[in-house]
Every structure is written in structure tokens, then in C-alpha cells.
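Labels run A, B and C following the written order; every chain starts at residue 1.
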Amino acid sequence: MTVTSPPSQFTALPGGGIAHGSYADVPYEDKLALWEEVKADARFPDYMYGCYECGICVAACPSARFYDFSPRKIAQAAAREDVELVFEQMNDDVWNCSQCFSCNRCPRQNSPGGLITLLREVAVRNGLTTAKDALEGYGRVVYKIMTTGTQISPDMLQPDAFPDWGPDVEKTSDNLELWRRALPPETLHTTEMSWQVSDETLIELYLIWLHSDVMDMIEQADEGLHMIILDVMEETLEDAGYEV
Amino acid sequence: MTTTDNTFIPLSEIRKPPVPDPAKAPTEDIREQLFALEDAGELIVQRVPEPYIEVMTKYGRTKKIPEQMTWHHKSCGQCGHIPGYSTSIFWLNRQFGMSYMDPTDQTSCTAWNYYASATSNAVAQAGVASRNFAAAYATGYFPMIHCGTSYGHYKETRHEIVHHEELRHKVRDIMGKLNKPLVMPEEIVHYSEWIHAMRDRIAERQVRDFSSITASIHPACHYYKLVTEDAIYDPDIYGGQRTATVTGIVESLGSTVGDYSTFFDCCGFGFRHILVQRDFSRSFATQRKIEVMKEEANPDVVITHDTGCVTTLDKSQFAAKAHQRNVGVPVLSDAQFAALAMGAHPYRIAQLHWHATDYTALLEKMGIDWEAAWAEFEVDLGRLERGEIEYLSWEDADA
Amino acid sequence: MPSNRVVVIGAGPTGLEAARLAAELGSPVTLIEKKDVPGGMPIHADYAALTHHFRDASEAMAEMIDAVTSNDLIDIRTGTEVTAVDGEAGAFTVGLAANGSSESVDAGAIILATGFQHFDPGRETQQYQYYELPDVVTIADAEKMIKSGSFVTPSTGKTPERVAFIQCVGSRDRQIGNEYCSKVCCGISSKQAIEIRQMVPDARVFIFYIDMRMYGYWENEIYWPAQEEHKVNYIKGIITEILPKGGRLVVRGEDTTMGRPMEVEMDVVILAVGMEPSEGTTAMSGILNLPTNKYGFVETAHDILDTVTTTVPGIFAAGAAVGPADLDDSIASAGAAAAKAVSLIRSAGVPV
């Protein structure tokens, strides 16, 4: 049985009113539904026990040094089931996390980083505007991983994509095809994938995507991207005799 | 300890690090759970092939590291952007005559994307892992995982498959649709554990003197912070207090380990940050890692054991250098470092031209004439360009 | 054979008090101690002043030991181990081994007082580098230094300028498997902080904590004086890691009150290690067939209303063998165990 707290009393204003954070326009019931979705994940009990605010996670956290971000506050909000605050974090904080899991050394065995994975997943699945914003500019990577089975490819090394990495990027992209052929491992003679992945393997990967609700998540996050990926997958699968 | 006067014996001399007792480990031994599930007909456990090397993990348990018959689960970032990393791993295996497989029936673990964008879920992630494991199992070769994130994520996935029955059955159903069994390897093995286990044999074959080199170590977060009990620890290295992986090989090759006070900090990769919030990655990598190393240890090189760490620590230095920051330390993987020690070519094998930070002073310290080596590599490139050879072969690389 | 004798296992504060009181109530007592001298942890770990009254540990223990050695009803066997126990309440036979020879004694009741051991900081989840950094010490190491009359930076022998305590090392930690609070570490650290401020008046002393557990009179006797008179700095937030830097130690944590990460330099860091069952407690619970809890401490049958009666009739357990305990707890439970042991012998009809 899970118990959910009523709207937080911690945000009472001096005049007696209740603050609704930055998202007063979103009905409490919607925020509550998202929180229930987070808690329903089978991993939730492994990621959240309780928090006595020792701060160990914060000192270990790279993002806490750079952003106004605190894994302790993520854990506290979840422990208190402060639905308003969790919603705020789901929008404003979760994309700053580095997912390094340095916070896993929590003596209570919480995983603030793991909680963030769940919060992000729920944000994407429900198409929150902030999640869409966070994924903007990232679509080409999602496309690459889902269609080729490898996250990045040599031909992504373009000077305009990595201007801060210096002139070596241009040198690499200019010589890409030649340099790739100068690699002894046979599977690396490609510029469009990290390594050569067989067609058979890709078909199997597409079937996993189709059978695990991932495509629905992509559709929520980015309809255009969803259409492009689905096109590639359908063509390959239909050629191989699968009905999609 | 006697405290009769002010002359204190350094405590480190009288504190003998305990060898952890596996019977007192605070976590379950997941392998026992796997075998129990196998007995119940729920999944297949792929056994570590013999011969294997036994190493000690955090809580004193023994982990089997296969010497050969390994199925190389490659890394997106290594193969895509720093391919000398993967090439060096393969080269080391070849030098020892180890039989291995470099499969095309392998996809990324897709965890980089998952940790960056969350456009996936537990079932899909476990499905991808299981498909790769089943592909390895079908060949008889045992998974050897090149990427720290794949290694960490697969350990998490293994926990979920073992403990969440509903998820396990969903994944098994999906695997059924692919006509594959649900398989888990007996051990999840990172290539750097193989290097660690092989470090004395690598040192025996060392042909370059690394004794004048100071190396700072960056341990990969996803190697030892995710499911920490699988990582290698050794009472003789850091008193058993930090993971022994990477430091072990650097010490075995005779280099000095240059310690620094942000050892446990992450590199700044951030998964999404390195692609779309790169100001964070750049700042963190240079200000929290490279500059601290420079100030406190002044190393000749940073040695690490994961894709994202090499990329972030290496590529981030260009912009910092442009702002006259105290940076400029080349970054290599333990695999490239070990291969260079054993005589590997810096360009044909270690493929250092894919790295950004100037590494020529390091090569000179290693006794490598990098200009001559580059000239040799340019000859190779000429042959490739003229179509005399289609690819650089292993034989060409060792010529 | 029915016996009016009480066998007490362990001659630390708990065992000494149990033996003293059982004899005072008229029972003959055999007090078994594995080590060569009695006194338990305060003697063997060189405690300086006891928490909470600051009484000199050697002097207090000497008083306890005198009370036992001067009583003809008490037979102290040091350098002796219990190897077996047979029989039942009122008529136990306790096998003993010492110097390679063995014998047995009869007992009507047995009191287990085998105590605790300090947590080994090499098993800590955080990165405190106890086995790497000589200037990282435990509260047990610090006691020895304080007792020696000279508190210095171990690696240099010099007077430290900045000293930090880190609380809850090995306690309140699910990852290690010790979820319990060790009860005494907050008080001991604060006591030591006061002592260090007195010994090294120019040193700044910090205590990094999650919650200060200073119940009852510890609050007014130790906590407030430490803050108000001795200017010890209490900072809410635990240290995540300690690493060497330029000959000093960098400690890194979050100042949770201020809500920001902190990095400060220290000369000496003292780890407030908690309690775990001693080897003796582990071994004896096996020999006596006493159930233990998941942490290895002996379980008592009716834990709130009767803290000393075990599930084996005639066997009682007291002090830190039952769980983390301060000296006050230990002495009180020793008295309860002695009274119940003698009472059991009397009710069995054996003349005392």
C-alpha cells in the first residue's frame, strides 16, 4: 500500500496562501498522476528508502557544483512525497543530472540518480514541454541509436557540431574515410555506425523497440522523429517479411 | 601502538588492511541467484570458459576473468571517435594469442542514450542486454565488455532481471519472439579487468621503459559506483580502499601513480551534457580534474578505462587551453598504455591521431620517435589512398 | 550438577559489575576473561576519560577491578576461554581452556558480557582512506593519543591546527549492513573535541554530523559546553571523502544547513567508528546456542521489559553483547543480569 500526502504544507506563504511553485497552471491531480507513475516503476523501491539529509550525495555530485541542483533535495522531495516539488524538479532539475551515479554511495542506499532516471522517463512518456525542450538538438542521437544500434558514428565528428574541440575535429572529418580504412579491426571500416552491425541484428533490435513501448515514448517526445524512425524500421522489417 | 612520547609510528605502517571476508559481504552474491533461476528453468547462465584468472572484488568474493574465448562487446564512443582504444584491446588479445570474436551481431547497450534522454525503459534496456548476451552465448564465446557504462548498466539490468519477475517474463517473451533464450553470463566482465588480471604477463612482455612516466588515474564512475561489489579491489593497492583496476596495470608497468584530490570526481561526461550541454562537461573536466592533476601531481598522462572519460577529459582541454588555463595532459586508456608498453605502433594500433591533447612529449618519454612513426603511418595512408590495399591489416600494423 | 555458582564471561565493565553484584548477593562467581588482564575495552583500547563524566578510565577501571579481586567469593580466570557449555539452568558445566590445559566448572547461571569491537573503517562506504592516510584516525586511536597526553598530527608529530570528527562511521548505514545507531559516538567525539581543545588550544575542531544524539544529561554536560565554552564547531553534513592534498587532508561534504558543497583542509580527521559485536560475542553466542539478531548481537527474550534474559534458561546477557550500549547502560544491565542470575539459583532451591 502506498500513502500519498495531500498538497504540501511546506510551501505555505506568509499571508496564509499556498504556493504552487512555478507550475500553478498544472492541476494537482495531473502532478499526482505523474508521481504515481514514478512510484509504480518496479525499480522505485530499490532507489528510494528514506533520507536523513547527510549530504553525502551532494558532495559527490558533479552537477551540484555547476548547477543549482541537489540530489539530496531530489531524495527529500521523493521521501516526503511532495507532489508539487517533485513536479517542479521533474521539469526544472532532472536534466541537469550527470547520471554518473556518484550519489549511489548514499548510506541509506537511495539512488538519487536512479530516481532521476525514473522522473525523466515519466516526463518523456507524458510529453512534458520541458522534456521536449531537453531533447531538442538531441534527436539525431536518438535516431542514430535506434536505427543503427550504435549511439554515435564517426561521421558525426563535424567541426560545426564540436566547435570547442579544436581543429582536430576538422582534420578527422576531412580524413574520415581514409582513417577508418587504416583501422585493423574489420568491424570498424564504417563511417556511419560505430561498428558494423549486421542486418539480422538490426531487425532483432527493431523488434525489441516495437515490443517494449519505446516507440510510444518517442512519439510523445517528438512526433517528427517518431515518424522518421518508424519509416526506417518498417521498411527494413517489411523487407525481411515482418508485418508491422 | 605505543604513545609514550611524541614519536609516532606512521599509522599506515601498523594498520594492515584487512582482506575482506566474503561470508560477511553486505550484499547478496548475485551469481547464486542466477544459478537458482537457472535451476528453476527461468534462464540460462553462460559459464566463464576455462582457463580463467581469479581476482578479488570489493567484498572479498572471487570473480572469474576469462583469458580467452571472449566475445568483444564493443563501445559506441570508442569505436566511433577514439578507435585506437578498441584496436589496442584487440591487439593485446592477439599478442597473447588469445582467441576472441569481434562480432557484428552486437548492438550498443543503448545506455548512453538512456542516461542522456530517457527515451527508453527498463524492459527495452533489459531486452537489448539479453539480445546481446544471447548472441554471445550462441557463439560459445563469453562477453567481454569494452564500455564502462555498458558494464555498469548490464549489472543493473541483471539485478532487475533477477529480482523483478514481471520484467523478467516480459523480456523472456520478447526474446521468444526473436527465437532466442534468456541468457545471463556468470560474470559481467569489463576489458580493464582482463588487463588487470593479465598485468604481470603484460609487464613481462614490456619492451618500452615507462619508469620515468607519472600517470594520474581516473577511475570510471560506471565501473565502480554502479553495483560496486563487482569491481576489483586489492589490499595491496590503495590499502584496498579504492578500486585496483587501472592503477594495477600502471604500477605493473613501472610508472609512478600521481595522486590528486579529486580522484573520485566524475569526468564531466554527463551523457547528455557531452552532446548538448557541453559547457558543463568542459568546465568540469578541466577545472575539477585536469587542472587539479596538473597542480598536485603534474602527470605526463591521464589513464582511464572508459569511453566517455577519455573523450571528455581529452577533448575538453582545447577550449580551456585557449583561455590559458593550466591544462595540457594527454589522456589514454589503460589498453592503449599497455599496448604501447608492449611495443604497439602509436598510430597503426594506438591510433593517437584521433586524440586531441598533445601527446608527443609523452611519446618521447616512452622512447618513441613519433615523427618517424607518423611517417610510417603516412606511407600506410598513401597505400590506402592509392588503392594498393583496401584496409590496413593486422599484419600491416605489426610490420 | 546443581550449583550456586555464577559464571560471568568477559571481564570488561559489564562483567566486572555483574561479578561484583552476584558475589555481593552471596553467590560464588567465576569470572572468565580471554585476555591476560581484566578491564575490557577501556583498558585494552587505552581509553582516556570516560564518557560522560570525564572520569579517568584507568582509575575507574581500577576501582571496578579492585572490587572484584578483593572479594573472596570471586575467582578471576584471565587468559582463559570458554570452550563448551553443557547442562541446564541451575546445573551447567562450563568447559574452560587456559595455557593448553582444560578443566570445567559447575554453574547455576551464566552471564554473557563479551561486549563489542570498534567498526573497521576499511569497510566504510565513503572514501575515508583509513588504510592509506596516517592522519585519518578513529576515535579509538584518538583516545590513545589523548591518554598519552600529546595530541599531534600522526604523520609529522606536529601540533594540528585543524581537526575534524566525522560521525556515524559504520553506523546508520544500510550499505554496510549496520542500520543501527551506535549510541555513544556523538558523546565520545564531543568529549574528545573538548579534550583536544584543552590540549591544543589553538586548534580549530569541527564535528560533521547527521544528527547529534546527545540524550539526557549528555546535552548539558557535553554538547552545550563543547559548543559554548570550548568553541567546537558543529556542522550538519557528513563527509563524503578525504583525500591528501599538499601534505594536508581535503575533506569534502555538504554543509546541509547552508545547502552547499564544501571542501575544507584538515590536519587530522577522526572517524567516529561505531560498535559491532566482538569476536567473543560471536564465538560465545555460538557455543551457548544464543540467537543473535541480523547484526550478530545477542537477542534477549523480552527485549523491552527484560533486557538481559536470553532464550536459553539460566543464561543472561548484558552490556554491549546485546547491542550498542554506553557505560551507564552496561552497568545497569550488568546489575539486572546479576540479580536475575542469583534469583534463578535461589528459586531452583540451591542454597546461596
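Keep this in mind: contacts are C-beta pairs under 8 Å (C-beta built on N, C-alpha and C of every residue); 3 or more make two chains touch, one makes a residue touch a chain.
Nothing here was measured: the structure is a model prediction, and the numbers come from that model.
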Taking mean C-alpha coords per chain and comparing to the overall C-alpha mean, nearest is chain B
For chain A, which other chain has the most distant CA centre? C
Between chain A and chain B, centroid-to-centroid distance (C-alpha), Å: 23
Chain A and chain C, separation of their C-alpha mean positions in angstrom: 48
Dist(centroid_CA(chain B), centroid_CA(chain C)) in Å evaluates to 43
For chain B, give me the residues that contact two or more of the other chains. 264
Give me the residue numbers in chain A that touch at least two other chains, ranges are fine. 60, 65, 105
Which residues of chain C are in contact with two or more other chains? 175-176, 241
Given the complex, residues on chain A that touch chain B span 41-43, 46, 60, 62-63, 65-67, 95-96, 98-102, 104-105, 117, 120-121, 123-125, 131, 134-135, 137-138, 141-142, 145, 149-154, 156-157, 162, 164-166, 168, 171-172, 175, 178-189, 193-198, 200-202, 204-205, 207-209, 211-214, 217-218, 221
Hey, which residues of chain A end up touching chain C in the complex? 49, 52-61, 64-65, 70, 72, 105-109
Per the touch rule above, chain C residues touching chain B in the complex are 46, 120, 122-123, 127-135, 137, 141, 144-145, 147-148, 150, 152, 154-155, 157, 175-177, 241, 243-246, 250
State the interface residues of chain B toward chain A in the complex, per the touch definition above. 74-81, 83, 86-87, 90-91, 102-108, 110, 112-124, 127-128, 131, 135, 152, 159-160, 163-164, 166-167, 170, 173-174, 177-178, 180, 221-222, 225-226, 228, 264-266, 268-273, 275-278, 280, 282-284, 288, 315-316, 318-319, 348-349, 351, 353-356, 377, 380-381, 384-385, 390-394, 396-397
Would you mind writing out the residues of chain C in touch with chain A in their complex? 125-126, 168, 172-176, 210-211, 236-241, 252-256, 259, 261-262
